[in-house]
C-alpha cells in the first residue's frame, strides 16, 4: 500500500454522513449544518494557505459569506461532500469557493446542493488585532485574477454599505395577531463554549451561521406551521469577533413573504459578561429565505405576512427588492449551469 | 448605535428546538436535557447580575435546586422555552426562578412543562474559593422580599440537614434476583471535558444533573422494562465543586415504588486522579422519580420493588414518606395553578 | 469555476479540525475520536461500493478491525485527514485500508498518525439478517488480489478463535488495594440514541470503539494517575449487532503492564430492555494499550500491576505474549516504512 496522500494545499474536501441531529423532523438537513461544514472547510484551507510562507503564525477569520442558494435539501443517511478551493487573494484577504454535493450511497445518486464564496482575513495568533499579509496565489490565466479582483472590489463596497443597517432591534410584542411580524419573531441565547472557538478563542463563523439558521427556521415554522427548509442566505458580513465566554443572543423576524417563500432577518448580539470591558454589541446580521414543504417535499404556498406599521412596510418593500433581484440572478445562474 | 435592549438584565429566555438526541426512543425529551437548559439560564442570569456592579469579576456556581416537577414531557421537534428571573438576593446568594414551556410550532400549542427554583453563589474568577458580595435587587413590594427571605432561610436549614446523608455507597451485587434493588442498580463514569465546564474550569451544575437523570432513567428502565420519563427531582444540593479533568462516577439505585412511580437515589462521586491532591469525594446526591409510559403515553403500573434487607426497608419507608409528602404538595400546587 | 468533483468511488477522504471536546486535558486527541473517524470513512466507502451494482439495497456493517497502532497523538487545532480505500473483496466482505494524517495548518507540518484495516459485511436494508453479495473490485496486479485473499483467510481464522473468550465478566471488588486489577477497573453505561446508529438502526462500529477507548483511558488513568494516550488497539471483532434503544455497558480491566505501557481488556455488553425479546449479550471485546505521558509529552514509567489471583496471573502472561509479539511486529513495520 502506497503512502497516504493529502490533497494539494489549495483544495480540501470534508465529507460526513448526515445524522438525525443534523436534520429537522421531516429528515431534511438544516441549512445551518451545511453552512457550518462549508465554513470549516474554508477556515482550514485559508489558515493553511496564510501560514504557508514563513513568518508570523496566524488563524484565518471569516469576514464575509456571499449570497448562498440551497438548491435541494440533503437527507439523513446521505453523505455530504464539501470541497473548498482558494480562488483569489488580495493583500489582506482570501477568497474561498466551496461546492457541496449530496451523495446517496445506496443509489449512487449525486447532486450539487450548494455553492458558496467566503472571504477570510488572517489574524496574528499572538495579537488578534493584527492582520497578516496573505501570500499571493498563482492563477492559471490572467482573466481569473481580473475576475477575482472585481469580486473583491464589489464585496468591499457592499460591506461598507451594510454597516449602516445595524441600528435596529427586535422589540417583543405582547399578544400579537396571527401572521404578523410579532407573532413569529423569535430569539435564542447561546453561551459560547470552547468547542465553538478557533485557536484564537473566538467563535467560528460557521457556529454563528448554524445558530442563525436555527432561529430563522423557528420563525419560518411559526409563521407557516409546516415543514420548512432553508432556500438561501443573503451575503453575511462578520463585523466583529465574538470571544469565548460571551453570551450571544440570536433574534429573527420575518420581513417579507412571496407566494412560496419567507424572508427572515437575523441579528446576532454579543454580551461580554465577564471580562475587562463589559459591553453589548451587534456582531452579525443577515437575511435568510425559507420555503415551506409538503410531506412529499413539494413547495407549498405560504401565508402572507400581515403588515402593521410603516417600518414593517418599508422592510417588506426592501425584502421584495432582494427577492426580485435574487430571482433574476438565480435564473441566470441556472442557465449558465445548464450550458456547462 | 444605541444599546440594544432585548430583555431587562433580570430576565433571560433560552429557546431551542428539541432534537432526536435529546430524547428517548419513544420521542420524549429526557428530564436531564431540561434540567441542563434550566441551569444554563440560571447561570447566565446570575453571573450577569453579580458582575453588574464594578468590583471583582465572578462566575455564579450552582449551590442548590429546589424540588422540580415535570408536568408533561416535551417531544422532538417542539421548541423548549426556558425563562429565568432573579427573585431574591441575600448577601452571598442569588435565587433564580425558572419557567419552562413547550411550544409545538406547527400547531402553535403551548404548555407549561416545569417550574424550578435555583440558588447560585458568585465565586471570584481569579480565586475560586472566595465568595463575592451579591448586588441587591429591587423588589416591587416589600412582601416579595419577605417571602424570598423565608425561602432563603428554609433552604439554608435543609442544606445543613442533608449534609448528613453522604456516607452511603452503592455496593455491587453478584447475580441479583429480578425486581430487587441489586437488579436495577447502575452506575456510569464520565471524564469531565472542557465543554462541561464554566469559565472557572468547574463542571456546570446542569451537566451533572443531566448525567444523574441519565443514570436514574437507566435504573427505572431496567426495573420496569418499559418506556420511562422523569416525573420529578427532589431538592439537590451541590456540596462540592468538580474540576475539569476529574472522573465522575454517577450511581443510582431504586429506593421506593408506588403503584405508578419509582424513586431512584443517585450519587455523584468525583475522583481527582491527575493533580496535586488525589482524592475521591461525594459531590452531589439526589432522588429522582420516574413513571412508566405505554406506547400511547399513558402511565403504566410498575413492578413492586423486592426488599431484601433492613437497610433497604428503611430506605423504602423514607421514600414512601417523600412520596406522600410530594403528592400532597403537588395537589396543593395544581389547585393554586388552576386558580391563577 | 468548474463543476464540483467527488473523489473516485474507491477512495474517500474525511477531514476535520480537532476540537477541545475531542481531546483530554493535556490536549491530546482521544484514540477513540480517531477510531470513530476511521470507521465512518470505512462505512461510507464500503456501503457505496456494495450498492454500486443494481440489486438489493444494503448498508455495510463493521465486522472486524485489525490491530491498529497510534504512532503519535493529534492535538487540538490540528486537522485530521482520514483517507480510506477498498483493497480487497470476498463474496460477502469488503476490506478497507485507512490512513490517518495530522496536519498542523500553522506550521504546515504533516505526519502519519495511524493506519488501519477494517472488514465490512453488507446487510440488506430491508432484512438486516441477510448478507448481500459484494461486487468484486479490479486489482492493478494479480499479486494484490493474492495478498488480500491471504489477509482474508488469516482474519477469518482468528475470528473463529476469539469467539471462545466471551464467557468472562468483570466482577466488582469492594475496597481494592492500590495498583490491583480491582482498583482501576471501570465501567460506563450508554443509552443508544438515534445519532449513534446507521440507517438500519444499529450502532455504528465507530461509536462502540469510541466508548471502548473512553473506558480504557479511564482505567489507565486510574492506575497511573498521569496523562495517558492510546498507543494501540488489538484486533476487534464485532460478533453481534447492537440495536437502537439498547443500553450498553462498557467495562474495562487492566491485564498487563510493561515498563512503559498498560494493557486493558474491554467488554461491551448489550441489554435489550424494552422490546419483544429481553436479552443481555456480549457484543464486542478488545485489548487497548495505553502509555503514560509527562507534561512535555515524554513516555513515563508506569506502576506495575499487582496480581492477586491465578486468573489474573494467567491474563497477565497472555498480555505479555501479545506485548512481545506486537513489539516485534511494530519494529518490523517501522523498518519497512523507513525503506519506502
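Residue numbering begins at 1 within each chain, and the chains themselves are lettered A, B and C in the order written.
The definition used in the following text is that contacts are C-beta pairs under 8 Å (C-beta built on N, C-alpha and C of every residue); 3 or more make two chains touch, one makes a residue touch a chain.
By chain, with names taken from UniProt: A, B, C = palmitoyl-CoA hydrolase.
Predicted, not measured: the structure shown is a model, and the values here were computed from it.
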Arrangement of touching chains [line / ring / star / complete / other]: complete
Numbering shared by both copies at the subunit B (palmitoyl-CoA hydrolase)-subunit A (palmitoyl-CoA hydrolase) contact, with half separating same from different: different
Chains linked by the largest number of contacting C-beta pairs: A-C
Mean-CA-position distance for subunit B (palmitoyl-CoA hydrolase) and subunit A (palmitoyl-CoA hydrolase) (Å): 36
Overlap residues in subunit B (palmitoyl-CoA hydrolase), where contacts from two or more other chains coincide: 20-21, 194-195
Contact set on subunit C (palmitoyl-CoA hydrolase) toward subunit A (palmitoyl-CoA hydrolase) in their complex: 1, 3-7, 9, 12-17, 19-21, 40, 43-44, 47-48, 51-52, 57-59, 76-77, 79, 81, 83, 85, 87, 97, 99-101, 103, 105-108, 110, 112, 115, 125, 194-195, 199, 340
Complex contact set, residues of subunit B (palmitoyl-CoA hydrolase) against subunit C (palmitoyl-CoA hydrolase): 20-21, 24-25, 171-172, 174, 186-191, 193-195, 214-215, 217-218, 221-222, 225-227, 244-245, 247, 271, 273-274, 278
